[in-house]
Each structure stands twice: as structure tokens, then as C-alpha cells.
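Quick one: structure below, then a few questions.
Chains: A, B and C, in written order; residue numbering restarts at 1 for each.
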Amino acid sequence: MTRVVVVGAGPAGLAAASAALDAGADVTILDAAPVLGGQFWRHRPGGSAGSGGDAGQARLQHGWPRFTALRRALTASARCRIVTGAQVWAIDKDGGQMRLHLAVGEADHPSRSMESLQPQALVLATGAHDHTLPFPGWDLPGVVTGGAAQALAKAEGLAVGERVVVAGAGPFLLPVAASLAAVGARVLGVHEASRPRALAAGWSRAAGWGQAGIMPRKLGELAGYAGRQLRGRIPYRLGTGVVAARGDGRLEEITVAGLDGSWAPVPGTERVIACDALAVSHGFTPRLELAIAAGCALTAGGPFGRFVTVDADQRTSEPGVYAAGEITGIGGADAALSEGALAGWIAGGGAPDDPRARAARRGVTRYQAFSRGLTAAHGIRPGWRRWLNDATVICRCEEVSYGALTGAATATASRGLRSLKLVTRAGLGPCQGRICGRTVEALLTGDGARPFLDGVLPDRRPMAALVRFAELAQSPIRPQSPIQPHERPEP
Amino acid sequence: MDTNSDVIIVGAGIIGAACARALTGVGLSVTVLDSAAAASGTSGQGEGNVLVSDKEPGPELVLAQRSLVLWERLEAELDAELPAAARAALPTTEYERKGGLVVATSADAAAPLLDFAAGQRAAGVDARVIPPAEALRLEPDLNPAVTAGVYYPEDAQVQPVIAVEAMLAAARARGAVIRYGEPVTGALSDRSGALAGVRTARGSYSAGQVIVAAGPWAGEVAALLGSALPVRPRRGVMLVTSRMPHRVFHKVYDADYVGAVGSGDAALQTSTVIESTAGGTVLVGSSRRQQGFDSALDLAAVREIAAKATRVFPFLAQASVMRVYGGFRPFMPDHLPVIGPDPRVPGLWYAAGHEGAGIGLCLATAELLRDLLTGAGPAVDPAPFAPARPGIAAALRAGEAA
Amino acid sequence: MTAEQNVTDNTSLTITADGMPLEGVRGQSIAGVLLAAGRPSWRTTAVGRRPRGIFCGIGVCYDCLATVNGVRDVRACQRLARDGDVVTTQAERLPGDTR
């Protein structure tokens, strides 16, 4: 029986764990959150799906019955160990055998329980987080990512503000607006940077790649969101973006401008909107550090296009390591479910030509190309730099401004990410470049035209999470496998 | 593409940067070549130690004492050397003569520490034995179970990557050409077969003198240029905390650090070194292990460092490790850097092999190299650092036979 | 290691934020309790002394750090509130900052 460990309990991870169980494997699924579901099915621990009862849940969640079915499959199986509150902080090798190191307990508690696992097969489904481009004032309280607005709505029944603007780029903006409206926020508008022509071209290309049957359903989904906006009279404006935020200690107003095809602001189109919250997201950054720690090769796509390389069975370049979901490409929950099911089945020792594997592959083909095409249609265009002035904060943790960053780059003529980080401090704070890294890389390499020469991988973080000294000192050298009730000890 | 200059420096780490600054400072034309980027090797992966406290009496201490004098002047000199725009855009090197406190944490360690300090005092080091109560006054959060302490007011700390970039900027302002992403692929020879420069993938660079300042890779470069240098890598790992209230005021380290530095043992050795940075984080080290150029995460080293550090500063138990990094110290068999001309290849020079002391020693190294190259009288005795010295001759012969 | 509760749980709880008592319910994050009480920020940065609260909401930006029960560097958006939690603003400083 193969010992499979799945990291991440969003759609990809849940599907992988379930499929691995179907394949007969022994499964441990880990997530740092207190409950299963990841971001897509984020909900209040102890509450029923989201807050506000079933009606609220229906507005807030998508495909909830699928989640509860997956959760049931996992909790019902004697071969499945679910560990929530589990932060994987490092992956290393002990004589060729991969080891995962976990801190289990409440988030950032000073003395969590330290464990090590040695999987025979590892499925990484660590997901993604919003990538938000900087603009003046984005560091004001009240400016949050789209993901934060949605998490607060789904998990806490809380609107991040009373008068909220949603902005950025990507199909994700629509569900964010819907979540906000569902918890009682007044959504003043949704501002999508991409312009109609780019979107129409991208969407029809995506539809061409995808299978027949996808397009109507996905469009219907988005039309449903859009429809709700229209019914709720939430304006959805293409080719516009937030170029500044202002307020005294908290957000009070923003400037929205028309954007041209390169996302540069069009002079004379600025409007000021009074608001107390802004949810902004320009796409997603995959969470790659565990895949890198496990030795997985990445695709070479420049600052906005690096993902874990996988084959047609979701195998990474590292034997025994599989990847599924957003870390293999931003494709949304449908693609993640199929990728996870395939990865979990193969990782669990399932036959590659089994009907379940073939169905999963069909799902991958059907959903992946369409979703990725859609995402690409909303891709970042270089004119966003025109939103910046010298004082605009680029690295939030260390408060490094655009002027400081570019000034140091010029003064040093550096071609090394390490030297630029250590001279400017960009990326050296607690988030370790998760928020600013893609932006800094784009700015300093000219969107990849002049790559860094020191071989430093921006997403490489051997310590994948903050761990206290006392926890490190007592974490075990040898991995433990707690004996499950169903397991019989070796004779 | 052919470039001609007086001197080529291979390596844009702290040694190469200091040499580039020193040589352009006496009017020589300099080309610096690095296989990657500035400070992308050892110089970007250490702590920024500028110490006398960890050096026993001998040539390395002499070099360190001379270097300390030069470090005290560096910021002011850079202010004059850097163009206004560069000076405004570059942060300061964070050089701070904060003083070092070496503590013995066991009864056995006290006497050796005090003996060591006495020897250093005889060699002119300001090494003050202080009672545990005074150590606690200097560092209120120190473990009160300290058995002995020596305070070294001359010890300093710097941010080495900023220092590298600032010195390179100064050299660039004086005409140095600096090329990144250009590994040396071989020697450029003149018609008589003598060294006349180097080749890279992009072309040839001709110069009368070539200086190898390539740290742990100095041996590889020496071999490409027709010689040999027995420098080997010794891995070290550092922990960085998240920003915290300022509670560590000096460089504080365990008395067993000196033993670890001097040991030739290949197995993992850890010894506590702790200091705050200007950014508010705390750097915690240190480890030594010979494992070639393997840079895989070494959790055994990380755990030992964390455990030992909390014995010196118990409050660190709750501190968060934000990141871990590591580097390769360039280590010579006799624990002394090599500074001077290659005895067999005219025109080839070395400034390499500084082990864990390169940051502190870089300025006196550059000065010595400059003086040897220009025929000026050197400020320190060059003999102990000569590439031809007996201490490494055997290793060199063994390298040739291999 | 905990099985999830499938039962709706609206047990109320009280935390203090810089001494002020705030109400919440079990399952809310500390950030959620603070935001619901009208506090958009609970941390100030070291260099610019600027206020920060929640930003990414999923635990990767480390903007929302608060000191909880005397322990620094707790992500308020990730840590579930417990009855009696003492939360204080994490006001960060650089060494030598005597402003």
C-alpha cells in the first residue's frame, strides 16, 4: 500500500486524496488552515458552509455539494489521516528519501507540535495567492486583495467595507464582487484592466481550445455573476483601473482611470470615487516553494509565467512527486479537480489506463486549456508602470519605494537578484517576496528581457514558513509515522 | 570582442571589489569579470564580520588589524569617491564598530578563553576580560549562566553586499569595466606562451596582470589559467529572524567558535554567533561542514544552530526564523589567505582563500595586493600569504600530481 | 489533527485589543473580530510608522501581524480567536530608532 501525502486541501488536493484512496493508498492530507477546502471552498470553522445559513452559503460558495462529498470520502476512510493546522515548513532529503517537516497547531503558535513525514508519493497542491500590482496608496488599510475580500466574506460573513470597489484583472473579479454583495457590501463597481478587444480575442481563443460544452457553461457562470451585477446595478467596466488610493490612516478614496491597450492610464479619464475598501487582484502567483524544495523543475515563462512542469499524468520532474492545481498553471477549480484526481490516482498506484484516470485526463483537457486561455486573455500589460511614482511602495514588508529600487538598480548596474535584494531590502521581509517578488522581477529584468545572472530563483524559500527557534530545536531528526488503528505493525 | 586593460580581476565579490577600488585608485585600468553577478558567491552569504576577536596571534591577525584601520575610514572615503547620484541611491554599508563579546557557557570553556585572550592582548588586541555581571550589563538578555566573558571593542559588523556594490561603484566611477555572466574559459596567451589575459565565452580580455579573486572557485580558475590553488569549500549556514525589538547590542559569540574556525574537521560543527542588523533582524550562526559545493538544505545544522543560540540568549526561543541561507567559505589547508604572485605563471596573481574572514580582511588584502603589484612598500609582511609559501607547497605539488 | 466540526457553532467570545474588549464568535479569525469592530489596522511599520491591517487574507503577506498573548508575529488573519485572547498592536522599530 503506497503511502501518499497530499499538501493542500483545496479542490486539487481534495480530489487527489480521494483518488489516491480509490487507488488503494494510505493517504495523509495536510493543510495549514483549520478546515479543509483551501481558498475556493473557504468557510468558517464550526459554521455550516459560510455564514448566514444555507441561503447565504448558496450565494457565497460554488459547487458546495462537491466539497462535502469529497470531505465525506476522506473522513469516512480509515486509510485517510487529515491534518489541519499543519504548516509544512521544509522539505529535505535524507539519504535520497524525501522528508516533509510540519508544525501542527494554531497558526503561528510558539510551540506547535513538530512532525516529520516520509511519503512514498507526494502530491503538491499548494495553490496560489493573488498577485496585486502596486499603485500609490495600495499600502493603506482598507486596500486588500480580491482573495482577502472573498475569504472574509466566505469564512467570516464579513464585508471588508461598506462602500467597496473591486479592481484588477481576471475572471476572478466577478466572484469577488458577488461575495461582497452577498455579505451586504455596496459594490460601487468592478474595474477590469483588460479591454474589450483583447478579452474577446482571448475568450474566443480559449473557447476554441476547450471542448464543446465548456463554453456555454463557463460563460453562463460568468454571465450569472455579471447578471447579478447588472441586477444589483454594479457597473462592470472594461479597460479601467485604480491608479491611486488615498486616505488618512485608512482608505477614503481612489482614482480610477481609463487604461489603454498597454494598461497605461489615459490622461483626462481620471475619476475620484469615495470608498472605504478596495479589493484588487491582477492575477495569481502560484505557491511554488515546496515544489522547489522537493526538487521539481519549473517552466521557463518569465516573471509571470513560472509553474511546476508536469507530464500528462501530473508527474513532476522529481520521482515520486506529483503536482496539481494552480501550481501547474492558473486554471481555476474545475481544472484543479481533474488534475488532482489524476495526480492522486497515479500517485496512489492506480493503473494509468483505468477508466477513472482516463476520465480525469479528459477533464484536464477539457478544462485546462479553456481556463488557462481565459486567464491569459486578462494577462498583465507593461503600461502598469505608469501608475507608479518614486514614492510608491513596491516591497510592502520593508517599505521599499519604486524610486529606491530603480535608483539602486541604476547605481549598481547589478544583474543579480541577491545583490539587489540585499542592497534595497526588497523581498527580505517576512513575506520573503511572495507579494512583491513578481513585481520586483518584472521591474528589474524588464519583464524578463534582461534576466538575473546569479541563478537565484525568486520563489526558492528553503524555510517555507516562519518557525520559532524553540520549535526548530525540538523538531525530530527521524520521521515519525504514527501507527493508525487499522495498520498492523510489521512482524 | 577584445578589451585591453592593465589588470583583469576574476571575481566580483568583496575581495575583487576591494581590489578593483584599490587598483583604480592608483590610476590602473581595471576589468572585473564575474561568472554570475556581484556578491553572488560567498560575499553575499555570510554575516559581515569585521573581527579581531576570533584571530589568534599571527599573520592573519596582523592583516585583520591593518584592515580594521582601513574599514574605519571606508564610508568617508566612499562619500568622496562615489558620484553624487550613486551616493544618493546606495544605502550606507551599515558599518558599525559595535564590539564583540565572547562568552564561555561552561566551566571548561572559561580557562581556554582567558588564555586565548591573554595571547591576543600580547599581540596588541584590545581584549578585556570582564566578569559575568559586566557581560550582563552589556547584554541584559544574555543567559546569566555565563562563566567568563571577554569584550573586544574593536570588533565591527558591516553589510557586505552593500559594501561590495559600493566599492564596485567607486571603481566604475574611475573607469573600471565590470562584466557579469562571463565565466573565464581559459587563458589568453601571447606569442611566447606567456599569460596575456583571459578568454570568456564572449571574447578575449588582454591585460598585463590577472588577479584571481574567485573565492571557493579560485582553484577552478587557477587551473583554467595553467596553475593550481588548493582552495576548498567549507559550507556554512545562517538563520535570519524576523524583525524584532532591539535586544542584542554587540556581536555575541560562544568561546567554542574559535576552535571551530581553526579546525580542519570535515564533519558538521556548529558554534553560536549572534548579532542584530540595522534592519532589525537578528543573524544567527554558525556552522562548518565540508560537503563540496552541495547546497542542499541542512536541517541538522539549522536545528543545532537554533538550539545552541537559545542557550546563549534564552529569549530567542520565541523568535521566528524567517529565512535560512548558506554559503561556501574558501578554505586553504593552512588557514591563511593567498595574496600575491603565482610563482610559476608570470602575470598571474591571487587574492583568495580567506575562509570565513574575507569581509574583514578585504581592505588590507586589496592594499597589499596593490602594493605588491605596483612595487610600493607593503604595510604588512607579505611572506605568510605568498602563493609560494611552504605551508601550501605540498598541497600544490599533490594537486599537480593528481 | 482535528476532525472538523459539522455542527454550526455560534459560541460567542471576547478578546481584548489594546485593552478594549471586542466581541466575536467561535470560528472567526482575530483579524475578522478586529475588522468587524471597526479597526482596520493593528500594526505599524518600522520605517514609515504606517498602519497596516489585513491585505492578502490567506496568510502569505505577513502584513496583519499582531502580538497575541505576549507572542509576537501572529498572523491575525490565520489565527482563530479564542475567548480571552489578549491582542496588542505590533509597533515595529528599527534598532536605534528613538523617535
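Some notes on this structure:
Basically, contacts are C-beta pairs under 8 Å (C-beta built on N, C-alpha and C of every residue); 3 or more make two chains touch, one makes a residue touch a chain.
Just so it is clear, the structure is predicted and the values come from calculations on it, not from any experiment.
Ranked by distance of CA centroids from chain C, the top chain is B.
At the centre of the protein atoms shown, by the Cα-centroid criterion, sits A.
In terms of their C-alpha centroids, the spacing between chain B and chain C amounts to 42 Å.
Per-chain Cα centroids separate chain A from chain B by 40 Å. Chain centres here are Cα means. That of chain A falls 22 Å from that of chain C. Of all residues in chain A, those touching 2 or more other chains are 110, 398, 429-430, 466, listed in ascending order. Within chain C, the positions touching two or more other chains are listed as 46, 71, 73.
Within chain B, the positions touching two or more other chains are listed as 242-243, 279, 318, 320. By the touch rule above, chain B contacts chain A in their complex via residues 36-40, 44, 85-86, 88-91, 159, 161-162, 164-165, 168-169, 172, 178, 180-181, 242-243, 279, 296-297, 299-300, 302-303, 306-307, 309-310, 316-324.
Partner chain A is touched in their complex by these residues of chain C: 1-5, 7-10, 26-29, 32, 35-36, 40-41, 45-48, 50-63, 65, 68, 71, 73-75, 77-80. Every residue of chain A that touches chain B in the complex is listed here, in rising order: 90, 92-93, 101, 110, 293, 398, 404, 407-408, 410-416, 418-419, 422-425, 428-430, 432, 452-456, 461-463, 466-470, 472-473, 475, 477. Only residues 46, 71-73, 92-96 of chain C touch chain B when the two sit together in their complex. Those residues of chain B whose C-beta lies close enough to touch chain C in the complex are 242-246, 276-280, 318, 320.
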